[in-house]
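You will see two complexes here that share chain A, one where it goes with chain B and one where it goes with chain C.
Our next item is the complex of A and B:
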């Protein structure tokens, strides 16, 4: 409830116009996060259901790995999973950083991109290790 | 933030009982005095049947301390000027009965959160209303006075959506109750976005391209986490959360059509 807080908000509200490109980016990021959430929800269900099914009869990790090696569908499925996670997580982290820690702006945006790229690289590398 | 109690010799203590000698019960009321750097001062106020929190504040101002600053106008829940934080919850004080909110015969009154305090129970509403303007909360007419009256079908989807959100009295309770406003000072807030939603559904309005861009993004509808504090607290039982969700859909449609 400080005066400084109030004047910052008022200044933002009184800004004559908004940055249309920025608004488009925000709206697109929001939509991408929702779309990736749908993909993630489906992937998580398939992932968990498959694990429960596969270990029911006592399959070992080695046997599961052997099956994945000989498949194209499973690495492709996990590639989709990784891409969805790499899109979804940084957008959410960016919002959490802005709201809970006040870390926002260009540096925060770049940090979020870096998290996304790291998730993508680590995830795809793991899949490559399984498939190759 | 210290709770000071009126001491013996203090006019608060001396004059309280004299002005209402017939009261059979009393309530302790801690009232915020000063600006952002103020403190609580305790007053004793006689209890009455059907007493509202605004009655309590008015009694203090008329009988104990005429310098107490607070706002009200209509006293019947129409004007939206008497909102305060009552025992930690933002409420319209003219329609809030003491019986319903006074836990342990004690009241704590402070100005609304998320807005700068001017003095005592009065906060500066400029930021709140400036954001209505920033959200393009004004009708952009498409007709002139020479044109016939617009015929808006009461049963149309747009009219019903606008109807559901239109009764806002601008009290600021939603704004004071919103965590996102606290976290992002540039967030337009529930009331301004709710107002924008009524205009998005107003078929006489021609400003939606501009309006949707104004309410989109991290300072607008996309910042809302749908926690629904606004909807929980709105004294008019509106659902700004639903209005904001409507804006998100409208903005997404505009984005995909390349109209944002």
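Our next item is the complex of A and C:
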């Protein structure tokens, strides 16, 4: 009897630990989401201005490459942009998947990490292609 | 009794509060941008195959259908930025009404400057 109660108590404690870990994870992700949002807000304003400027002066591969080769600041800017987006997008998708489709838990977390890594790899590859 | 301002009444639509619409637009635009991002990176990655490959892709984007889609994406990006700034303001700023009015005036002036700038660039 007491052994059964003991094991139930252990299971409850384990569940509480698990819940605390999830709350900590969610809080950390919330903070990361907001921190990346601040970076992205600045990047998106620059990006929109660049889009307006670029299409007015004619969108050609030569023009894009010339701009990006003109200063190390451009590849650096895009690297920051890609990292922030690769952090921001999967956290948002994870929250939406949990709220709207019920897809949550370990598999959902791993899927979000995979999306982030894929975005990071694709984005940095593109910068490399344009800047190298 | 809580007095509802004219602006607040204007922003509400039916029985849905304005915040609900802002939330939905922010969410849908976010998902759309997340889906578009890998395609965007893949397209720019064409530069790895040389300038001609990237130019070939850019010629495809001259297509009127693609042009419309591009403008849609720019609008989605601007909408998501605006919605995101709203979320950050709600969460981080303990603002008073006069401060919100000041922010609205500042946003209006910024928009005017931006429009003049865009007209000047042409």
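To be clear about the criterion, the second predicted complex is superposed on the first by the 104 of 132 C-alpha atoms of A that agree within 3 Å, B and C clash if a C-alpha of one lies under 4 Å from a C-alpha of the other, contacts with A are read in each partner's own complex, and residues count from 1 in each chain.
Here is the rule we go by: a residue touches a chain if its C-beta (ideal position, glycine included) is under 8 Å from a C-beta of that chain, and two chains touch if they have at least 3 such contacts.
In this text the structure is predicted, and so the values were computed from the model without any measurement.
Peer 1: One more residue to check, A:69. First (chain B), second (chain C), both or neither?
Peer 2: Neither: A:69 stays clear of chain B and chain C.
Peer 1: Determine, under the contact definition given at the top, whether A:61 touches first (chain B), second (chain C), both, or neither.
Peer 2: It touches chain C, and chain B stays clear.
Peer 1: Check the residue A:129 against both partner chains and state whether it touches chain B (first), chain C (second), both, or neither.
Peer 2: Second partner only.
Peer 1: Using the superposition on chain A described above, determine whether A:98 touches chain B (first), chain C (second), both, or neither.
Peer 2: first
Peer 1: After lining up the shared chain so the two structures overlap, which partner does A:45 touch, if you call chain B first and chain C second: first, second, both or neither?
Peer 2: Once the two structures are laid over each other on A, A:45 reaches chain C alone.
Peer 1: Looking only at contacts as defined up top, I'd like to know whether chain B or chain C touches more of chain A.
Peer 2: Touching more of chain A: C.
Peer 1: Residue numbers of chain A touching chain B in their complex, please.
Peer 2: 1-3, 5-10, 12-15, 18, 20, 22-24, 26-28, 30-31, 95, 98-100
Peer 1: Any idea which chain A residues touch chain C in the complex?
Peer 2: Going through chain A, the ones touching chain C are 34, 37-38, 40-41, 44-45, 47-48, 51-53, 56, 59-62, 64-65, 82, 85, 89, 92-93, 96, 115, 118-119, 122-123, 125-126, 128-130.
Peer 1: Report the residues of chain B in contact with chain A in the complex, numbered from low to high.
Peer 2: 36, 111, 113-117, 123-124, 126-127, 130-131, 133-134, 180, 183-186, 188, 213-214, 216-220, 222-223, 248, 251-252, 255-256, 260
Peer 1: Considering only the defined contacts, which chain C positions touch chain A in the complex?
Peer 2: Those residues of chain C that touch chain A are 27, 30-31, 33-34, 37-38, 41-42, 44-48, 51-52, 54-55, 58, 61, 74, 77-78, 81, 84-85, 87-88, 91-92, 118, 121-122.
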